Structures are given as structure tokens and as C-alpha cells.
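Quick notes on the structure that follows.
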Amino acid sequence: MTNTLTVKDLSVSYDTRTGALQALRNVSIDVPAGEIVGVVGESGCGKSTLIGALLSLLSENAHVVGGEIRLAGEDILRASPRRLQAIRGNEMSVVFQDPMTSLNPVLSIGRQMRDIQYRERISDAEKSRRAAAMLGRVGLPDPEAKLHAYPHELSGGMRQRVAIAMAALMEPKLLIADEPTTALDATLEVQIIELLKEIQREIGCAILFISHHLGVIAELCDRMVVMYAGEAVEEGPVAEVFQRPAHPYTAKLIECDPGRLHERVEALPAIPGSLPDLTDPPAGCIFRDRCDMATEICAREAPPRVTVTPGRWSACHHAKAVRP
Amino acid sequence: MSRFRHTLIGRLARDPLAVMAIVIIAALVVMAVFADLIAPYDYTAMHMTDRFAAPSAEFWLGTDNLGRDTFSRLLQGGRIALTVGLTAVIISGLIGLVLGMIAGFGPRWLDNALLFFFDTLRAYPTIILALALAALMPRGLTTVIVVVVITSFAEYGRVVRTQTLSLKHSEFILAERAMGASFGRIVFHHILPNVLGPFFILAAMNLPVVITIEAGMSFLGVGVPPGTPSWGSTLKDGFDHIRQTPWLILAGGLPLILVTLGFTFLGEALRDQLDPKLRSGR
Amino acid sequence: MTSDALLELKDVTVEFPGVRGLRALTAPPEARRVQAVSGISLRVEHGETLALVGESGSGKTTLARAINGLVPLARGEVWFDGQPLHARPDWHAVRRRVAMMFQDPVGSLSPRKTVRELILEPFAIHGVRVKDRKTRARDLLAAAGLGPDFLDRYPHQLSGGQARRVGVARALALDPALVLADEPTAGLDVSIQGEILNLMNRVKREHGLTTLIITHNLNILRHIADRVAVMYLGRIVEIGPVEQLLSTPAHPYTRALMAANPEPDPTARRERIVLGGETPALSARPPGCEFHPRCPVARPDCATCPPALAPARTGGEVSCHYPLGSDERIGA
Amino acid sequence: MPKTAMHRAFPVLNRRQLLAGAAGVSAAAMLPVKAWAQEGRLNIRVYTEPDDFDPVDASGFGEALLYGAIYRNLIQYESGDEWSYRLDLAESIEQTSDTTIEFTLKEGQMWSDGYGEITAEDVAFTFERILDPEMNSRILPDVGTLSRVEVTGRYSGVFHFDEAFAPFWWIALPYLAGTIVCKAAIEDAGGRITTEVPPTVSGPYRVRELRPGERWVLERNEDYTGDIPAEYERLDIVYIGDEASAEIALEAGDLDFTEVSPGSVTRLQSNPPAGTAMSMHPSLFYVWVGMNMEHPKLQDIRVRQALQYAINVNAIIEAAWYGVAEPSTGIIAPGLIGNRPESLIPPQGDPQRARELLAEAGVENLQVTLNVLNDVTFTTAAQVMQATMAQAGIQLNIEVHESGSFWTLGVEADGDRWRDLEMIMNRFSMLPDPSYATAWFVTEQIGDWNWERFSDEEFDRLHREAGTETDDARRDEMYRRAQDIMEESGAYRFITHGVTPNLFYNNTVPGTRPDGLPLAQYFRRA
Amino acid sequence: MIQYTIQRVALALGIVFVAISALYGVMIALPGDPTSVLLGPRATPDMRALFREQMGLDDPLAVQILNFWGRVLSGDLGTDFFRNRPVAVAVMSALPHTVALVFGAIFWSATLGILLGAFSADRRNSLLDRVTGVISVAFIAAPSFVVALYSLLLFSVTLRWFPSIGAGEPGDLLSRIQHLVLPSLAIGLAWVGYVARIVRASMLEAMGESYIRTARAFGLPRRRVVYNYALRVAILPAVQVLGVGIGGMLSSAVFAEIVFSRPGIGTLIYTSVSDRNYPVVMGAMLVAIGFFVTCALIADLINAALDPRHRKTQ
């Protein structure tokens, strides 16, 4: 099985006034072709830095300290800016969280969709035709008319459909979805998830789906990666991870989701404590301060990646002992 | 120390632009305050044999049409500029603050009326309004200040109004109301401290504008009485005698440019520090 | 007239200006006012927790604000502990007993005040003398689960969870009778969410609080609410005990809403009821049953005849001509 | 903008030979490259904007310059250093009695554009228009006691006066009021010409275009029948109010002739711009500092005298006129009947004496306000006064006015400000006859132009009697005495008569009046 | 949009009405009177009275103001006291020069300012950005009359590249433009700096927006994103500022017109205020304020047109 995306030991730091903030540390993620891989994690886990690194759109004060990112085997961290440009939008595209702000407010939908086809040597009319066809595919009624509309004239759900249409327009190999349903109401969230599934089936692309919402990941993804404080702590097929988490953080996270509990409980579970300071991350396991399984080795040694079952690993000294 | 780093001044101290601004402003203030000590000559003393002198060891910035030492006059002019600037900015700022908050909080009709009033005042080209108003009053600093106040408070009013309106509907104000906070408490404890940030930025940026208006009025002969060593009257003398000495205009323009540089950069640095959107180095 | 419920709403309607300016001259009169909350009647008993659920624009936040007078009523009555809040009450006194928590944990804290000042603010507002301000502030903060080192922080130095705790501490400072909590878990990570809800549950128990919680997070309903009211376009479409609503919703919208909530269990994947379209604008309410354009089980008369809230077979009340029976369990 | 008003009001004129100084500066360099002006074109600067094309509304020097080029008079000023006139339209003209002047026109003098010959009808029409109360003519005062113009033939006529009015020869006939207009053209135009380009002209130039606020573009009048034909294909009268700007424009090659400020004289003499020359002319106006005798602060004559002594005239002239003008002894310029050889109080003043006078009057810490026009010369003079008066322990406050405010300061009809008026620095232009200088200071002018509110029976009598006195020596004595009385009143401190420096390219021979003001029609190429 | 336009126009008319009426009151209250200046010292009291009556100077203020508006509505701005010509003629012959001057200044500030600002934002925090920043603020700081004088001395007197006075030959576009360069630059320079700062700030803000990131994420070339997408949004505040800035430019025009001896509304008002030539002051101010309000209005409408978000709302 070939991987559409391979992230290997990626580390990214930000220069801040208080020192280097190590936002990503040795993160590895595989996205096999044609699969939907979810990245789950809470705020501060490094999701947005990961997306920035994947798209080579990190802010000025960020550096890739090490590691590599391969898109269909090609090392994009070392690709020329020209090549990067060619990759972005063409072989890899993205749907952002808030459709309200991720579409340009002063340009019509049509103009924005034509613009991303700027590499194609076809007429504007042809570009518009393609755009309209794609808008139709994502379920927008009257797509030709929508080409002349501006983002603010559409509802939130429509806008996110437009964003997906833009991402799918060039039939990329990899589609990155950055919390695309978070800003939407529940009934719309379902619509968008269904739409993403459809698009994935039609184009056959791989999707890297980033979310903090376990339910959505469970619903949509084939595989998942759990991130905590800038590290990937566990990776594996969704069903297995949910059923038998191999990292205490994953286990806790799943446990915390009240949607899991079908009976009323007096005390909802939570993970006490807070994120470590990433400008000066503690030695050993990053999660150990909040982990009730932590032993003395956790404070001393960084946990290795323990393969739990084939295609499934966990970065925990006590991976085998974790109970859901 | 680490607490200092997080205070506004601490943050400003690490912004090179802000440091430059503060150095310029501090230098100007020191020169204005100690003008009498620094000045090599009495600013009214006429050296009739040295009229229109070019800069030299004797007269650092040359002399004017009556042989008065330009440098000494500019120092004295700094006092006038700062007096006019600060007084006018404070008065117009206060008027603008009060009217702007009234507009922001008042009923819709009052808001509209005040907005209309602000827009009407802003419709007059400043210097032309200054010409008409200056003719109404005896020439002098007071007149200049009154004119400047009339021409500039509307700007504050508008900014404060906008700010107040957006704060009025913000969640924390709703929260205060929901707790039963009185109108006065909301205004003075919660709106005012938040309006003051943009207000001070505007004031810092506005100060050189005010000083330039004084210069413009003096240039047209409706500013301070002749003989008053304001920067504007130095410029006016420079213009009247441009063919005799080009130095006067340069010397008169220089402090104006420095003041503007200083306060504009200070304003921008303040904005950078006060606006969280720009502060995060994302 | 008095009521034995702590809070009773009768036909509460809130209007906002619609079309403004010149166009208002030509617009039909109904377009000039938009009803954000439309004819809501409900009771909240002493010690009860009622949850208002609904999607954005359903009017749940507006309703809460109308209760404590932050937005004016266009029509209707609000009775709080036997006192008519629709008849120009002394809001200052009322608000001492009705605490409110806002959606944005950080944004609802005055940005230039320290946590200490924020926490003691209710005392200042209501002229309550505090002997030892420092101890009091520390105690309140501790009750909300924060250490004293937070006292001198500013809101922007707090995380969402910490700010929310400050909000809780503040709301409870003066021992209110009723708490209106607007999306208490919004913007919080799941790992924090539980702690906040536990905190709220605990203080509710300890202080015997009556709570009106507004949320769109259906997962937490079961654990915090006694009864649930579902709102759509400013109206209550269904109201009933929480377990009943979750298991046997009577209104098609309630069912769709419950079904739309993805469960964190990959084995539970199923065909969903995907509602078509989106919530219409308040200024363009559909005729008849306002849900009928999106309703999967709508029949012709739904488009003409508006339903009223009536007792449902499954318990509770529902506003639907053709409510779903108790046999139609979700996911069955 | 400064000093426009009084020039409009008091045309300058003098028939006597005056000090004539032409400080021509030879140019070392070759002609400059004129980047913007074109060949065959002359640009003369005027400091006040001509009002319009109709002499009935004319009031200032701007019009005088324009009308000289496009219209004709019976007689016109001669260009040069001596005041004199030459016959223009008139074949002959003479004073036939105290109250009549007879004239005969040259034959064959033509209006342009087919308006025919210039006749005595036109002359009569011209003056009767001014006399017509309906016209509300601004130059009515210039024709004095003229009662009517009698037409005695196609080319001849007689001016009739109610009583003798000698100044008619100098301020009316060759100047604005004497500008002959075409009866037919004006009647066609409906009574006034105003700002439309005039349908017909008679002078060497005609108007091609009017650019308000900027310039009047004149071109050669091909129908001209007089004897000083146009020298230039195109002549622009360029309006530049400010002297510094005008000087720069000349150096930039955009002007050929301009008056410059006295402050420039030294620089221009020592370092003239390439290809330029400068000439200096004595002016006639008189500058003085007046004190309101009725103001409570100034009622005591000793206070006024103290102020007189406190003012150092030499310092003022040195500072404001850069030493190129002379101190004046009164209101009558040197060379005129009644000019005093020296004033009673020495020009340099006497601060010690001033202090003594103040002490006598029991006044301490005297503060007075001086009102001046918004003009660099006056504001400079005021600052020097401020400095020198401080030596006598007097604090002088300076109040600057723009023209509209200044010229109404002491006028009772224009509000109450005359009551609070303390001191004014003022400048009036001068007429050839000394009676025109004394006229403004008689008792009946109080509230109009006698802002000092100076009233002296002897002065009034001297003014009246000297006006009809025919013996020059007697008149001389009477006017000197009158000025002594003014000075003795303490209300006046005389400053200067001023000077006019002109700067021009030396490929031009300017035509100017003795006081330096240009006469456009006389300009010639070198 | 139509409703918005109508509201804005009504507001603009209201502002002009109130502003001019108030100014009329101020003018009448000014000490001094045109009569003496105009008629000269030898005028008889009868002449003065006649003049005052003809000009309606003795009517109550409210009557004068009403009469003024009555005349304006019938298309008559009154008669110039000094020149016996319709004020409309004086004003309309001056207006084109000032309009040319202001639009010249806008041309400079729009082209140079936007270029500098965009350039600066594109290279933010570089040395070039800092230098550009200091230069822009120095531009802002230099009073227009100082710039005017020095450009006059340098380019007209010393180099003789540009003419020093006047507005150029009518009908000769080249000459008109040559005469316009220096004065419009003198006025525009400050605005070049101002616009540059604003464009830079709003560019930076725009470049932080998520739709810019989207465009980059879709592989649009950086240059295109910066100069096409971000700039397009960043120009909006500059348009607004320039629209309102026309008021300031009219002020500066007074200086530029004096220094360059250009005919125009600025000098017309300046001299007329001095002379108490009320009808001209009022007529010229009516046109000046009308011009300013119109431009601010147009800027608003342009903004609304450029920003589709405005079109539907408001």
C-alpha cells in the first residue's frame, strides 16, 4: 500500500520572546492512498502547525527543525517554491474551518474558482464551466448563478460546500480538512460529513481530517492519529483505537466524551492538569504529569513507539497495559 | 523584571520604533522645558548686523530677518508647540470623549444628531475654518487653541463613538448589565478603560497635526502675534524671506518633522502593543 | 397572579427591528419587526434544570437575555419567584438573584480587570460589604477550582476553562436563585468540559440552584438537565423530560437533531436522517408549520396550518401535526 | 492681499520732480534661458487683481495698469522719473477758468472692432456715467466737484465744475476716472461691461483672455490709432499677491518685471540673478503710528508723548525697510509744498525722555496694543517697535488684522471697535496737493478716517485756508505748521514714505511712473 | 445599494446646508465690513448706505441666510461685491484649477502611496520596510507649504524643470500638466506617506486573514496573492481616507495656490475672507464643501461598490 502522505519525524519550532516554542516534536503520520485519516487532539496539540507545515505556509517565526514530509513520495520540505506552488491546490488542497473567513469577501465565487485554475491553459468560459460543474457536484442548487455570488450572500453551509468544491476542483491526491464542521450547526455538520465521504469516493483522494471532535472522527475516518502537546501519541485504525486505546491520553480522551455515556452520571470524567510549557518541554513522556499510569521511567525516558498490532502504534512505556 | 517585561512600557522598550519615538519626544520635551537654560541667546534679542545669518558656530541655526537667533527661538517655539498641542489635544479629546460616549450610549436620534454634527464640522477644510474663526477673536495662543479644538474634537468623537458602540454590545458589558451593574459603573469601570487605548493612540497621532495647524495658521498670518517664536511664525518668516535665507524654513520645518515622526511612531507602537490582533506574532 | 414555579414564561415574544431606513417605508409592516422569540411559554420549577437546545438562530440566547431584561419583551409575561419581570421591576435587585453566564468565557470578562476585581465585582455592584476582600476572593476562586495565583491575572492570560471557572465563581458570588447559563461548554476542550460541568452540577446541588442552560451540545444534556426544550425559529417545538426526549423524540426536528450528533463509537455508524437545506431566516418564516420545508415526514396540510404545542403520546409536549410515535426509536 | 485696499482708495500722484534713483544693476551673465515664457511676450506682475473691465467700477492699481494698455484717456502719464503727462486723445486741453476745462480731441482716433471714431460724445458719456447716482460708481470721489460735461462739437467739449478742483488734472484725467469708454459699446452691453472681455478697446493692446485669479492675457490691438503702438505680440498682466513669490517667479523666468520687497534690495544689488536689473523709486505714501486720543489710556498727552519718544524710527526703517527708505518728517513727502525739513522729535527717539514723561503722568507698566495690517513690513516694524519700546518700559502688544478687519478698525459706522482702538500703524497713499494729506485729519473726519480722533481748531483752519491760498511760500509755512500741530498733539509718530524697488530682465526697458509703478503701454524691448 | 446611496446623498445635502448656514452666521459676526474696504475713504455715507442696502447687509441674519439659500436654489450664488460679476463665474473659473490640484494630489497619493505601502507590507520588517516607513512619516510630517517652497526653489528656480506660477495655457494639456506637477506633489506628498502607512497596515491585516491563507493554500503565486488579493482589500480603507482627506487637501490647496500663485478656490476663499467679500466666501465655500462632501460620498460609494459586503446590507 502506498502512502499519499508521509510525515516523518517532523519538528517545528516558533521563535518567541520567551524562547523556542517546540510546537511539533517528531511527529509521524501516514496517510495511505484513498483513505481518510483523522488527526484528533485538543487545543494546543499542534494541529494548526501541522497544517501550516504541510502547506508550507508556516508563519515567519516558525522553522521546520527536522523531519520530512513526502507527498506521493516527493519531499515537499525541500521542494522549490515554484514546485510547491504547483503542488498546492493541484495535488494537495485544503478546506479550512471557518467558511465565513476562508473565502475572499470581495471576490465572486466564480472569480475565486477560476483563479485556482490559473495553471490550466483553457478559456475563462471553460474554467467557469468546470467550476459550475463542481459546485453542482457538491450540491449547490443553480451553480451557474452561484458563480456570480459573493461569499456573504451564501449561508454558512453553502459556503462550506463552496470551499469543498474549490478543494476538490483540481482533483487533488490529498485533501486536508481542518475542522471543516466545527463552525456549523449539527444538522449541517452531518451534511458536510456526508459530502466529504461522497467526494472522497468520487475523486479517490486521500483525506487528512483534522478535528477535536471524536464523534466526527469515529464517523468518518478509516485511520486516526492522536496528538497531544505537539506529539503524535498514537496511530491506528479508527475502530481499533476507539475499542482498545493504547495510549493513556487516548483512553482518557475517549472516556471524557459524554456522548459515550448513555446513562446519566453524577461526575463526568475529565483530565486534570494542563498542558506543559512547550518552550521548555519536560524530559521523558510529555503526558506524564496528567497520566495516572505514570511510573518513574516516564519521567526519565521519552517513550518509544510501541507497535501494538500491525499498522498501529502508541508512544507509551505502558502501551500494552492501557485499558479503556 | 519579568513583570516589567509585560507592562506596556516594558513592551514598548523592546520595540525599536517606539524607542526612537520616545527618544525624539523626550528630547523635544527636555528642550522645551529647559529652553531658557539651553538657549545660547535671548530669543527676543535682535542682532541687526547679523540678519539672515547662515548657520555658524555663533548662531547654530542662523538668524532671522531681525537677527534673532533661530535656535533659541525654536527652543522657545517648542514650548509653544507643546503647550498648544497638549492643551488642544486634551480639551478636544475630552470634548470628543464625552460627546462620543453620549453618542454611543444615547438614543438613536441623539447618536444620529451628534454624528451629523461631527460630519458637519469635518466638512469644513480645517485651515479655511481656522481663517474664519481666527478673525472672530483676538490673535493669540488662546485663539489658536480654540480654533484647533473646534476643528479636531469631532474626530475624537467619532472614534470614541464607534468604540463605545462596539463595546456596548460586547459580551462583557452584557455580563456586567446582567449582574446589575449601574450605568455609571459600566461607563466608568468598563467602557472608559477600554476606550482609552484607541483614544490615546489617536491623541498621540493627533498632536503633531495640531501643531501643524498652528504652523499653518501662523503661516497665513492668523496664528500667534508676530514676534511670538512659534515654529509656525518661524516658517512664516522663512517664507517671507525665502530669497534672503533658505535656512529659516528648514530650521522651522525640522522640529515639525521630528515631532510628527516621534508622535506618529509612538502612536503606531502603541497601536501595535494595544491591539492584540497585531501583538500575537502568529 | 402568582405562580409557584420559580420562573414562568407566558407567551414571551421578542422582536428586533427588521428592514430599516428608506426601504422600511415600502416594506410590509411585518418585515419591519422580526420575531427572534415567538410566543414562548414555559415553567421552571424550584431546583430544576431546564436545557434549551437548538441551532444557531433558534432564539435560545435571546430568550435567556429577555428573562433578565437585557433585551425588551415585545409581548408576554415573565414571572420570577412570584414577581412580574415584565412590569418594569427593579432590575438591580432582580439581577442579584438571577445570575447569568455568557457564551464566550474570556470575552464575558471585562478585559482590563484582574480576576480579583472581577470576582469581587458582584459585591461592589450590589453594595455588599466584604470584610476580608482577599480571603473572600480566594475562597470564591477555590470553590471554582482555581488557585490564588490567578487573582492578579487578566482575562487574556486565562485559558478558556480557567475563564469559565471565574465566570462560575462570579455567578455564584451572591447566592442567586436562578442561573441562566448560555453555552457553558462552548469553546472548551472535552478534557476540560467534564470538570466545568461537574463544577456546575456540584454548586447546583450545594446551593439548590435552579438553572436554565442553553446549549447545542447534545452529548451533555443527559448529564446536566432534568427537562429539555427544543427550539426552532424562535419557538419551542418540543419540551419534555430529558430521557424521553433523547430516547423517543416526538418532533421530527428533535429526532433529526439527536441523530445528527456523531457518536464517538465507530461501530455505531448508521444511516442518518440528513435534513436537507438550512434553517430559514427569521424574516422569511415559512407558512404553516415552520419546519415543513425540511421535514422528512411533512404532509400537505403542514404547509398551511401551523401546529400548536400539545401533550405528546410519548410524554412532554410537542408542536407537530404528526408526531413520531414511541415505537420509532432512533437507530432502530 | 496686503496693502491692496488703500492703494485702491488713494491713487498716488505728484506733479513735482522727485528724488529719482535708478539703481540699475548691470548683469554679468548672459540672458537666462526662459523655459516657460515665450518670445515676443511680456509678463508684468501686478500685486492686486484688477477688478473688472469697466472704469466706472475701477478702484485700484490693477485696473490702472490694465486700462493703460487697453483704453485711452484725454491725457496720460508720461513714463519716467518726473511726474508729467502727455496728450493722448486730446489735441488740446486747458483750464479756461476756475470751473471750466475745455478740450479738443484728435481726429481719426478709432475704437476697435468697428465701433467707429472716438468722439466728444464718448468723453461726456464716460464722465456722466460716473456722476450718475444710479451707477453708484466707486470712483465718483475722484471727479470731485465736476458737475457736467458739455459737448460743443464732434471733437470738442467743456468740463464744468461747481467750484475749482485742481486735482482733476492729476487724479481724474490721466487716471482711472479719465478712462474714456465707448458709448455705443456700453449701451449695447446693457450699461456695464464687468468681467466679460470688452467688445471694443482703444489702447495699444486688446484683451484676448481673462483668467480670474491668475492673469489677463493681452494681445496687440491692430486697430490702434495712437502714437505708442504695442511693442509685444502678447502682454500678460500676472496677478501675484506675494512679493517673495513674485521674486521667485521672476528668477524662474516666468515674469519679466516685478516690484520686490525692500528686504531683497541688498541681495539683488550684490548678487543679481543672471540677466536682471533693478531700479529704485521713491514712494509717496506716508506711514505713521497713530494713537487714539480718546482712549482712556492715551488721554494724557504726556503718555502719548512718551510713546512718541519711545518709538525709534531709525530702527524701524532699518528692520522693516532694510535701510533703503528714509525717515519721514510728516505726512508730506520731500519735494512737496509743506514738507518739513525735520520733525520735532528726533527719529531715533529718546527712551529716557519717554520714561520721564510716563513718570510725570504717573503711569507705570504701560501696556498698549498696536494694530497692524497682515503684511510682513508692518509686522516686522511692529516687532522692532515692541523691542525698542520695551527699553522705555512700555509693553507693546501687537494685533494683526487682515484687510477687511483693519480698514474698519476706527470707522464708527462699522461697529464699536473704534472705542477700544489704542494704536495703529497705518499707511495712506499721497496726492500731489498737500491738502490731500491733511484732509483726513480734520475734525469732521473723526469716525471716518481720523482714527486718532485728533481735533484741533487751528489745524482745521489751516487746512481750510491753505486749500485756497495761492502763495506757495505761505502754503508751505501753513502746512508745516499743521504738521507741527499734529506732532505736538502726541497722537502721531511719522515713520517713512517708503521706496519701490523694481526687478526686471534687462532685455526689457520698463515704463514706470516716478514712484515706480509700471505703465504697461510704455514697456519696450531693450 | 440604491437605498444606501439615497441616504448618503440626503445626509451629504444636509451637511452642506448646515455647514454653509453656520458659516454664514460666522461671516456676518466677523468684525469688519466690506463696505469701507470696497468704497474707499472718499465714499459718502449715502453711498455706503446704498451699498449696504443693495447687498442686503442690513437684514436680520436669518433673513439673509434664507435669502442666500433661496438664491442658491434658483441657481444664483449672488454677486461679487468687488467685481460686479456673478459669484458663480468667479467660483466656476477657480474650481477647475483646485479640482485639478486635488485630483493631482490624489493621483500621487494613490499611485505612490499604494505602491510604497504594498511594497513595504510585502517586505515587512525588512530594512527597506523600515526605511520606507520613516520616509512615509517624514512625508506626512513635512508641511505642504514647506514642500511647496522647496520644490519651487529647486525645480523651478534652480533647475527650471517646471514653471513657477500659474495654471498653464488653457487648451494646452501639456502646459496644464507641467503647471500641475509641483503644486499637486506639494499637497500630495503628505498623503503619499499617509496612504502608504494605511495600505501597509491594512495589507498586513489582510495578509493575516484566513482567505489569504486559503489562496496561498490553493497554490496561487505569492505575488498574485499579495498584489491582487490582499491589496484589493487593503485599498478600501485608503479610498475612504482619501475621500475624507479631500477636506485636508483643500486646506493644503490654499498654501499651494499661494506659493505657486495659482488661481483656485483656496486663494479665492482666503482673499475673500480677508476682504470680507461675503458673497464670494459663501459661494466658494458652498462649492468647496459641496466638492468635499461629494468626493467623500463618492469614496463611500466606491468603497461600497468595491466591497460586495456593503452592497446588500445597510
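Just so it is clear, A, B, C, D and E label the chains in written order, and each chain counts residues from 1 on its own.
Here is the rule we go by: a residue touches a chain if its C-beta (ideal position, glycine included) is under 8 Å from a C-beta of that chain, and two chains touch if they have at least 3 such contacts.
All of these numbers come straight from a predicted model, not from anything done at the bench.
K.L.:
I need the common contact partners of chain C and chain E, sorted by label.
P.N.:
Expected: A, B.
K.L.:
From the C-alpha centres, identify the chain that is farthest from chain A.
P.N.:
The most distant chain relative to chain A turns out to be D.
K.L.:
When the C-alpha atoms of chain A and chain D are each averaged to a single point, how far apart are the two points in Å?
P.N.:
The answer is 89 Å.
K.L.:
Can you work out the whole-Å distance between the CA centroids of chain B and chain C?
P.N.:
Taking the average C-alpha coordinate of chain B and of chain C, the gap between them is 49 Å.
K.L.:
Round to the nearest whole Å and give the separation of the Cα centres of chain B and chain E.
P.N.:
Chain centres of chain B and chain E, defined by C-alpha means, are spaced 22 Å apart.
K.L.:
With centres defined as the mean C-alpha position, give me the chain A-chain C separation in Å.
P.N.:
A distance of 32 Å separates the two centres.
K.L.:
Among the residues of chain B, pick out those that touch two or more other chains and give their numbers.
P.N.:
135, 239, 242, 282
K.L.:
Which of the residues in chain A come into contact with chain E in the complex?
P.N.:
Against chain E, the touching part of chain A is residues 55, 57, 81, 84-90, 93-94, 96, 98, 101-108, 112, 115-116, 118-119, 150, 152-153, 163, 166.
K.L.:
For the complex, give me every residue of chain E touching chain D.
P.N.:
30-43, 45, 47-48, 50-51, 54, 82-85, 89-90, 93-94, 97, 152-153, 156-157, 160-161, 163-167, 170, 178, 258-264, 267-268, 270-271, 273-277
K.L.:
Across the complex, what residues on chain D touch chain B?
P.N.:
Residues of chain D touching chain B: 244, 247-248, 251, 263-264, 267, 315, 318-319, 372, 374, 376, 379-380, 382-384, 386-387, 397-400, 402, 404-405.
K.L.:
Quick one: in the complex, what on chain C touches chain B?
P.N.:
Its residues touching chain B are 65, 68, 70, 91-96, 98-100, 102-104, 107-113, 121-122, 124-126, 156, 170, 180.
K.L.:
Which stretch or stretches of chain A touch chain C in the complex?
P.N.:
Result: residues 42-43, 155-158, 185-191, 193-194, 212-219, 238-239, 242-243, 252-254, 256-272, 274 of chain A touch chain C.
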